[in-house]
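I have a structure here, written as structure tokens, and I will follow up with some questions on it.
Read from first to last, the chains carry the letters A, B, C and D; within each, the first residue is number 1.
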Amino acid sequence: MARVVSQTKSAAVNPLKSSQPLGAAFAFLGVDGAIPLLHGSQGCTSFALALLVRHFNEAIPLQTTAMNEAAIIVGGADRLEEAILSLKARTRPRLIGICTTASVEARDEDVAGDVENIKRKRAIELVGTEVVLANTPDFDGAIEEGWSKAVTAVIEAIARPDKQYRNPRKIAILPGWNLTVADIEHLRETAVSFGLDPVILPDVSGALDGSIPEEWMPTTYGGTKLEEIRDLGATMQCIAIGEHMRRPAEALQRLTGVPYVLFRSLTGLENVDRFIRVLAAVSCKQTPLNVRRNRMQLQDTMLDGHFHMAGKKIAIASEPDQLFQFSDFFTAMGAEIAAAVTTTGTSKALEMVPAKTVKVGDLSDLESLAATADLIVTHSHGREAARRLGVPLMRVGFPMFDRFGSQHKLTILYRGTRDVIFDFANIIQANHPPNPWPT
Amino acid sequence: MARVVSQTKSAAVNPLKSSQPLGAAFAFLGVDGAIPLLHGSQGCTSFALALLVRHFNEAIPLQTTAMNEAAIIVGGADRLEEAILSLKARTRPRLIGICTTASVEARDEDVAGDVENIKRKRAIELVGTEVVLANTPDFDGAIEEGWSKAVTAVIEAIARPDKQYRNPRKIAILPGWNLTVADIEHLRETAVSFGLDPVILPDVSGALDGSIPEEWMPTTYGGTKLEEIRDLGATMQCIAIGEHMRRPAEALQRLTGVPYVLFRSLTGLENVDRFIRVLAAVSCKQTPLNVRRNRMQLQDTMLDGHFHMAGKKIAIASEPDQLFQFSDFFTAMGAEIAAAVTTTGTSKALEMVPAKTVKVGDLSDLESLAATADLIVTHSHGREAARRLGVPLMRVGFPMFDRFGSQHKLTILYRGTRDVIFDFANIIQANHPPNPWPT
Amino acid sequence: MSLKYDNDSDFHAKLIADVLSQYPGKAAKRRSKHLSLATSEKDAGEDPNAISECEVKSNIKSVPGVMTIRGCAYAGSKGVVWGPIKDMIHISHGPVGCGQYSWSQRRNYYVGLTGIDTFVTMQFTSDFQEKDIVFGGDKKLEKVIDEIAELFPLSNGISLQSECPIGLIGDDIEAVARKKAKEHTTTVVPVRCEGFRGVSQSLGHHIANDAIRDWVFDKKDLEFEPGPYDVNVIGDYNIGGDAWASRILLEEIGLRVVGNWSGDATLAEVERAPRATLNLIHCYRSMNYISRHMEEKYAIPWMEYNFFGPFQIEASLRNIAKHFGPEIEDRTETVIAKYRPFVSAVVDKYWPRLSGKRVMLYIGGLRPRHVITAYEDLGMEIVGTGYEFGHGDDYQRTGHYVKEGTLIYDDVTSYELEKFIEGIRPDLVGSGIKEKYPVQKMGIPFRQMHSWDYSGPYHGYDGFSIFARDMDMAINNPVWGLYDAPWKNDRASAGGSSMRT
Amino acid sequence: MSLKYDNDSDFHAKLIADVLSQYPGKAAKRRSKHLSLATSEKDAGEDPNAISECEVKSNIKSVPGVMTIRGCAYAGSKGVVWGPIKDMIHISHGPVGCGQYSWSQRRNYYVGLTGIDTFVTMQFTSDFQEKDIVFGGDKKLEKVIDEIAELFPLSNGISLQSECPIGLIGDDIEAVARKKAKEHTTTVVPVRCEGFRGVSQSLGHHIANDAIRDWVFDKKDLEFEPGPYDVNVIGDYNIGGDAWASRILLEEIGLRVVGNWSGDATLAEVERAPRATLNLIHCYRSMNYISRHMEEKYAIPWMEYNFFGPFQIEASLRNIAKHFGPEIEDRTETVIAKYRPFVSAVVDKYWPRLSGKRVMLYIGGLRPRHVITAYEDLGMEIVGTGYEFGHGDDYQRTGHYVKEGTLIYDDVTSYELEKFIEGIRPDLVGSGIKEKYPVQKMGIPFRQMHSWDYSGPYHGYDGFSIFARDMDMAINNPVWGLYDAPWKNDRASAGGSSMRT
């Protein structure tokens, strides 16, 4: 039961967090035919776009209302309308996902009102395109909140809000932002192997998996289809992954009555066992052989790997749910969380982190706590602290711009847990060679 | 077209190769219910066993005739017989795979004659157990030859030697030793996705994949079943992977008339394309969607990765087919093979290696050629040379005792090629950070 | 060497027409002003003020919903001008977004102990929370400055890089700057580079230049002994070590580089700049303002130069030397002669692999024109070029470089760029990270020409050989000979193909 | 501290009976002599020559088709005794197999420049090919020695470690050794450790000891000034730094360690050993031969000691000090007193986590007995132990250490060991790499007690704290609390389970 320690410095030195609109945009990228539209100056979008491109090594559709000095004075409603109409005309998106930024939120603009006006006024031009708003000022929350708000907004705006026939094979899965493309693919395969038909929202495994579409697409290609979102109420069960997915899961339940079960993490034997039990119960099927085999392989890897993980001191910094996901697993393998730093202090996941304290802070906080750690676990920006301290770095989360294939790494279920052990143990082996003396 | 340069030193300093019986034993481990039996002093087996255990992180069934001083004088036939009978009685193996070692071969013992005698004399006791011999003196060849001889011996001893009804869905796949457990699994899945029913010999994906059998097994569990080997003549087509699998493929063709096609490598887009074309032709099926998607992902990864591979100078040392497999692929990505060292000079694969010369030699030869390389590619024993030279090491081949999960790495077909690019590019990125100045 | 080749004006004109035809009337008209062809050719490297016929509308505001590649004023100030000054701490003042997104996007090399006396690759923000927006952030800013002064005692100053909200909530960062500068006896520079100002990063450059003028120049007694051959290098950000490669040449011809703005720079180098005898401008776009100011106020002349490729290097070295007279001119000829064999070796090696290859560029700053002759030095041809945030004077200057019929595009959208590339199918595209993946997926080799794609330097003679190698590696990589998919024959019946072309 | 606990003799006897019942009659009889129970307990650390009732048949040849864990004579000579001598090059003479399989299996730490003046982690072989077998290998051996002399001029000698074929083909390696030693003025030691000799690595130790006697001792004029407190440490191979941890203690009590056989040793240390005043034997099994020889020929007494765990460390230090008289004894008491608080801290920390945990051992050399009290120092109980290649005198010595009813097994097969472990289900098994995975898969914590599993040192006080930490890490790792599979309920209907138990 960790104590959450709030920020002590006023300055953020080497900040850990990315801001909210990026998280929301990221979520919108997991809907088919979508364009995230950042409502703010062009610079925000340009920077966020560059970072997303560096993270995914992919072309990313991201748009801007390009608020300028004049618009800042008179308000952004016209720019927003112009942007929506222009996007609609040129790219015929199925979804425009608006993410507000600090510049409009600082003026306390009624963007929701603006959006409603535009939708009313332009109802005919906008037929076939959903316009969804996530209020995501940069000065609040971080990626998790942005992602969570965007998914909630999508559900509230699109899912049909009534009780309906429930297809006993259909389930809804609401994954947190911290799952990779490979994780999403593996989730789907696993659910399908139980005979289930999962709707995964958001589903970044289509557009961001590195495949090459046949025709140039100005929007996302792949991702959750709007019809699937509309029919979410027809699912038997919703599975939310990560504490930050409680909000959209509750929204879905409120709207449609679909019950949800929440998994804080799908990494680690016990968590996966629980998940598999749920799939078995929902599907009334036995666990398929390949899942069983994966579990055996994981057990074996745990036996092999516990040795390299036992007693290792970890300094970890990430968004709350990812922090929990990895801390929980590492300690289950005998490691010790020597330092835990996170982005925002409000998540309920934080108190479950197996560390004495979780500090809301930045990478300089991590650096000051990590000098005697055996391993630093955080995103790519942790590399400088790691190099200065001479402690190896295991890269997780966002951004990851200096390694390839991060989206193709599995981190969940039996196989992903196995791969995390391989990664961990190999970093340890690479940095603690058997003969430490000069040879 | 590489020129093969033979060994110049008499001494081997930090030798590259492991000796032949280990390769043969390794192949026998890919047959279900098998026990490899090393015919020689206990020490050979004990050492080989320890190395195999370190490589696989698994319990390995490996037996010895425990030749002692007396047996060395009078000949090993009695020890061999005692070993076979003892194994048969205690463990009821389906296959005992004998691998000779230097100590019996140096005496020029007629082990084949001994085996025939034992089989005749003990025919009743040995019902249900095949006894197969591979002559694999340590003073000749290396892993490739041992593996190839064992597979050939298994086919010649067990496959029914007559023309028979050919099942149009059945194919035989004879993988070289250099394919991992993950490779074998992926080969099978891919063939199955074309509606084919592949017999893979040897199949190390069962026993050596890190799963945990329910009951204690004194033999291999998983692997190619004896019945499948017996019925190899019922396959439509044999696919051999690696030049060293030509011998067993030819043996199969000679015995049963099953035609073979040989792939020197299944790594790299063009090689995989050719393989997929063969599967499509044999199966008369269209290429499944997931294979197509994998190809798109590979293309994308090639685009992303060529940048980090282009112009890189590689020093590589391995057995001939693996040497070809990786050299061929690296140069297809724009890298340059600055130094190539191999274990034995007889393979036809060597002249196809895209390097000026291929040196038959040891790791000290590699070390002397690799000082200006950007990357060293060889097995775990290359780590010391790599450290001395300050050149990063990409581990491939055998033995791999200081990294986990090597058996779960994919190296072939579209996905494996993709993963090899990730590995390569990430090692380069880790060792050539964007800002090389002190920071 | 001045490479002779023609660009297909008619075809390029048709491409522009095709692209515009997809826009609604008003937008087409608006965008038509940004797309053009070079209509006549002049010799490069002579009169830098000659008017060219290469003209497009530029430096005009962006259109909502039409994402271009531009940044904002904050990007121009923090990212370009101020960020590289290594012994200062540059606070991204406002919410966490901007600074975090842009962290480590540029590769300004430097020497120093990061976190001790040097701070370039670190990132500082006042990390505004809602209460700071509601109640104002000046108090927080003061605390942030105090903390930094305590945590990093060897830092030599602080700049305050304003993000959008600062301009909206009425904070008085200038007052904070004055107060804290006095308290900590250090330099504190407030920069009003809120992202909504101007139409691109370009105004940010201007604002950042003005901040140097108003908050750095003439504020201290300098202990600095000027000499007759002192020059400032202005607008070289030392991407991949560029400034170091340039400095070597300038020192070889006998000059003393007393300030390098602002790659690997210290605050002291900026402060003493007004004592130099000549300003050598590399990136005209981002630093012409302060150069003009120094010319007016301190009577320091300025001249542009171009160290990309041997043709321009020689011309620029001679041009610079002329300013200092015969002695330096003699040394310059010696230096040029010394490097000739090296240049020949590079050209001989790569010309057969690169000549005739056609290149499209879309970059920022000075590069859309300056790198052109470096390509031509290798026999390559420029078929199109454009600026992210150029002004009229940039396009004028471009006229010297490009051949007739060259496609010119200003603030191009990804749609337009993609259509041009599809139409022309050049052998290489040089642009930024945001363009990299779409272009590569079209099967066309690509180099990042902002960051040199983790390579560099490209300046000077050493840089030229690296440049040549990199272009060769990109264009001639065997990966571009990708096979068609083996199931191409059954393509009609199921999705998937090899490359979209 | 002498821990009191009982082992369940009846249960252990039944286990042995069960195991034997699976063998055919003859084999059961043969194996029954290797399996036993300790029948009475004596206090440890007193008279090292007391006869114990712990007796099993041992050092008997292996059975074909019944793989045990033993190595061969080559393993005993090259792997154990000679290999760690760091400034010599040890040629695995014969085909490539043996040396390559065993490369880097032991963790003999050393200091030195590998490849320059130190060669421990390198691997040298004459790499026999068929023609060498057919025509004899002496010529090749000569060439190999010449090459090595040229490639590694700072090596101080060569040993020839014979592999099986050497003994079969009639090579005269002794003649080659003499000839080449003279030619290169260096030490060349032929060792006839062919793998087929003897029944385990044990004979290899003996042969290696004899080679030192015959080919190293008394061959050179030594420049060495002996002192009154000079001791050799014999049979400490410096696994994970063990010898260094031991040396610290011996020096603290006032002795001078002039030779360390053979971890981190130079040839010179071996050569000068006959000048010391006392031989301290750590690994009795592998080095008693040469110690007895030195006793006979040079009148150097020898004594065993045990530096595993504080109980034995104190006893051993006092025993050693007694040999040197009151001054050293006083210093020894000071040293013991100095470390007491450290020991208490370790014990206080780990006792609550480890006491009562039951341990089974199966190792080589001296460890099956020597480590027992280190476990007991932490409150742990030894329920079974055995030697890979022990002799009668090893088992006699074991009697001092074990409690009544302790299961004793000699040269155990994997089948037997597995059955014992299944029956007893101890909290920890300490054995080698070959046993590690089967034991772990039974759900039982495991430590490699040959190599310390990449940890160490375990000798001395420092080593004790590492030992305690490692055992705690193994036993108390949460991974052992593995859940049953979630599909356990439907187990009957489909394969797969969590762990076999």
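We take it that contacts are C-beta pairs under 8 Å (C-beta built on N, C-alpha and C of every residue); 3 or more make two chains touch, one makes a residue touch a chain.
Which protein is which chain? UniProt says A, B = Nitrogenase iron-molybdenum cofactor biosynthesis protein NifN; C, D = Nitrogenase protein alpha chain.
Note that the structure is predicted; figures quoted are calculated from it, not measured.
Centre to centre, using the average C-alpha position, chain A and chain C are separated by 34 Å.
Centre-to-centre separation between chain C and chain D, using Cα means, comes to 66 Å.
Rounded to whole angstrom, the centroid-to-centroid distance between chain A and chain B, based on C-alpha atoms, equals 40 Å. For chain B, residues that reach two or more other chains under the stated contact definition are 57-58, 212, 293, 296, 299-300, 304, 384, 434, 439.
Looking at chain D, residues 104, 114, 121, 437, 441, 495-496, 499 sit in touch with two or more other chains.
In terms of which chains touch, the assembly is arranged in some other way, matching none of the line, ring, star or all-to-all patterns.
The list of touching chain pairs reads A-B, A-C, A-D, B-C, B-D.
If you check the complex, the residues on chain B that touch chain D are 9-15, 17-19, 21-22, 37, 40-51, 53-54, 57-59, 62-69, 71-72, 79-80, 82-87, 89-90, 101-103, 105-107, 137-140, 142, 212-216, 218, 381, 384, 388, 401. Of all the residues in chain A, the ones that touch chain B in their complex are 57-58, 209-212, 293, 296-297, 299-301, 304-305, 308, 383-384, 387, 402-405, 408, 418-419, 421-422, 425-426, 429-430, 433-434, 439. Interface of chain B with chain C (complex): residues 269-270, 273-274, 276-277, 280, 286-287, 289, 292-293, 295-296, 299-300, 302-304, 306-307, 310-311, 331-334, 432, 434-435, 437-439. For chain C in complex with chain A, the residues that touch the partner chain are 22, 24, 27, 61-75, 91, 94-105, 114-115, 121-130, 132-133, 140, 143-144, 147-148, 151, 163-165, 167-169, 194-201, 415, 418, 432-434, 436-438, 441, 495-497, 499-500. Listed in rising order, the residues of chain D touching chain A in the complex are 104, 107, 109-114, 118, 120-121, 437, 440-441, 453-454, 469, 473-474, 476-479, 482-483, 485-487, 490, 493-496, 498-499.
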